[in-house]
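What follows is a set of structures to go through.
You will see two complexes here that share chain A, one where it goes with chain B and one where it goes with chain C.
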Partner chain A sequence: MDVSFALTGKGYVLVAADTTAAHSIIKVKSDVDKIKELSPHLLMAYSGEPGDTVQFAEYIERNIRLYQIRNTYGLRPQSAASWIRRSLAESLRSRHPYSVNLLLGGYDVSTYTPHLYWVDYLGTLAEVPFAAHGYGSYFALSLLDRYHDPEASLEEGIATLRRCIDEVAKRLVVSPGKYLVKVVDKDGTRVIEI
Partner chain B sequence: MSIMQHNGGSVIAMVGKDCVAIASDLRLGVQSLSISSNFEKIFPVTERLYVGFPGLATDVTTLREVFRYRVNMYTIKEERAIEPTIFTQLVSSTLYERRFGPYFIEPVIAGLQKTPSGSYEPFIAATDLIGCINFAKDFVVAGTASEKLFGVAEGLWEPGLEPEDLFETISQTLMNAVDRDAFSGWGAIVHVITKDKVITRKLKGRMD
Partner chain C sequence: MARRYDSRTTIFSPEGRLYQIEYAMEAISHAGTVLGVLTKEGIVLAAEKKVTGKLLDLSSAKEGGYGGSGEKIFLLNSNVVGGVAGVTADANSLVNYARQAAQQHLFSYNEDIPVEQLAQRLCDLKQGYTQYGGLRPFGVSLLYAGYDVHYRFQLYHSDPSGNYSGWKATSIGANNGTAQSLLKQEYKDDISLEDAIALVLKVMSKTMDSTTLGSEKLEFATLTLDSEQQPKAKIYRASEIDALLKKHDLAKKDEDTEMKS
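On to the complex of A and B.
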């Protein structure tokens, strides 16, 4: 039932994920952070099978950190996405595959460009201008087809994101109440209040 | 719905006069939901050899990486570029290694084969997901629109097409076939391989 969106704009990527933890029909928590800050310029929103999600996200987080410690320079968004995809693809054909879907938003500090990657539990990787996972994607993607602008300022990007959140709240029966929004740009990652 | 239809996508290759062409659509979907309209499935192997991977998108990326590695190893060991016929055998044996748990991909290969006299002759081939090779003298198709591609190609293709005519033929074949397939489309990419250069063009298709 997780819902997550992400979109790129002029020099930034916005990533949003709902904050509910559900066990069947019960909301157990409503302040869960499902967006990991993998490096100073890389965000990862994760959703899927409870348990798998946190386990996989922490594995990725620690290995991205380890790479940076060993090599001084961290992985750029493209390379990090490739490595994460491969982890999922190898896991898919193992005895216990992770069922985790991801949105990777990064800012490449060497080319000064924002990048967004859509990754699913099969290990499918696609670079996209905007993306969504979960039931929210059926509403948000068509909305983003109409309103997304890759040259939009941060304020305009937030307004578009608001539209997505409002649409899901209006039309989805099992819609989540609260979202956490993070942005990554040249200054790094930070939480945004909307 | 079968795993082969999960992400959608189609690839076609055709033979012309001293040239070959390979083309694919650009859609990536999850069943009926489209995710990306810029997902490339055709990759260069050498300067005169291309391979297309229609099928499950995760295996498109995985096989691209596997073949990049294996072709690099071949190039280093043999100290020469791999030829299309040999690459086809490499594709076949790589896929058959996974006979009982296959990669869900039906590769299409198109390139120019060097003859003993030093000239080049067109070569195309396709395999199924476990590596059974289909050598063809005219055209090969694969992917979710394969039935439609067969029909249109059968009607449009003729022997001895020059590069520009071959480009037109393969483009029209692909565009008209994918417009009848819900899982393929959203633009296309075409590569025409001649002995001196490769002409690559992106086509805009119906975006609905």
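On to the complex of A and C.
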């Protein structure tokens, strides 16, 4: 039932994920953070099988951190995405594969460009201008086709994101109540109140 | 009993020295010179080929491949050129290891391996032979001329003990002391690539045994950026080396001698 969106703009990537933890038809919690800050310039929204998601996200988080400690500089978004994709692809071919879908938003400090990657549990990787996972994607993608602008300011990007969230709230039967929104740009990552 | 601590690579002498490692380094100081000079625009690498005989068949080295005769200068990855000094067979093994390490990085991260990481991978291997017993260390020093987005152009040197360091200009092999003091005198931080090529050739001509330079005694390479800002390695072919030497007035003058005789 997880819903997550992400979109790029001029020098930033916005990543949003719902904050609901559900068990069967019961809402257990409504303030869960499903967006990990992997490095100073990399965000990862994760969704999928509960348990798998947290385990996999922590595994990724610690390995990305280890790379940074070993080499003083971190992985660039493109390299981190490739490595994460391969981790999922290897997991898929193991006895107990992870069922985790990801949105990776990063800012490349060496080329000064924002990057967004859509990754699913089968090990599919695609660099995209906007992306969504879960039931929300059925509503958000057409809206983003219409309203997304890669040159949009942060305010305009947030307005577009609001449209997606509002549409899901209006049309989806099991729509989540609250979202957490984070942005990554040249200054790093931070939470945005919407 | 004076040689008690010589025979094993992993045993310290009472003075705290590892003799086998020191002997390996001594072997390298008799090998052909390799020079590297770093500039903002790129890196220049030159190497002296020590053994040449009239009967040695060089025809296979002259054509095909990516340039060079493949004795001293190797393409380790699309962004790194390596120059080796020491035991050739050991060097070949290390070059193979380096290429594999670089491809493994490309496989995992879909990016060219950062230069220092490649140097580190080889040094981890070399260091192993100073600690785990049974075998001898690699009798090879390497120069790595490379480019990555993190630190742009870089020049590293590694020795048989597994130590490595970054340089603006350095030299390994025979006469490396003379070469380095010449480089120290002439190197400027804002040196252009053209001037660096001239400097490398000049130092090479002074440190080599023979009076005249030629493609049969020299290997030469540059690493620069292409129009898309991607690293471009150029290992010179024999004909290109001779043309370069001619341009810098260092080529042997066959015509003159022929005319006289």
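General observations
The rule we apply is simple: the second predicted complex is superposed on the first by the 194 of 194 C-alpha atoms of A that agree within 3 Å, B and C clash if a C-alpha of one lies under 4 Å from a C-alpha of the other, contacts with A are read in each partner's own complex, and residues count from 1 in each chain.
Please note the rule applied: contacts are C-beta pairs under 8 Å (C-beta built on N, C-alpha and C of every residue); 3 or more make two chains touch, one makes a residue touch a chain.
Please read these numbers as outputs of a predicted model, since none were measured by experiment.
Under the clash rule set out above, the superposition-derived model of chain A with chain B and chain C shows the two partners fitting side by side. With chain A as the common frame, chain A serves as the apex of an angle whose CA-centre rays point to chain B and chain C; its value is 60 degrees, to a multiple of 10. After overlaying the two complexes on the shared chain, residue contacts for A:Gln78 are found with chain C alone; chain B is out of touch.
Shared-chain residue A:Ser110: touches chain C; no touch with chain B.
Looking at the shared chain after the overlay, A:Ser24 reaches neither chain B nor chain C. With both complexes placed on chain A, chain A has more residues touched by B than by the other of chain B and chain C.
Closest contact between chain B and chain C, by C-alpha atoms in the overlaid model: 6 Å. The residues of chain A shared by its contacts with chain B and with chain C are 86. Those residues of chain A whose C-beta lies close enough to touch chain C in the complex are 71, 73, 75-76, 78-79, 82-83, 86, 110-111. In the complex of the two chains, the chain A residues touching chain B come out as 85-86, 88-89, 92-93, 118, 120, 122-128, 131, 137-138, 141.
Residues 107-111, 114, 116-117, 149-150 of chain C touch chain A in their complex. Listing the residues of chain B that touch chain A in their complex gives 7, 28, 30, 33, 35-36, 38-39, 56-58, 61-62, 65, 101.
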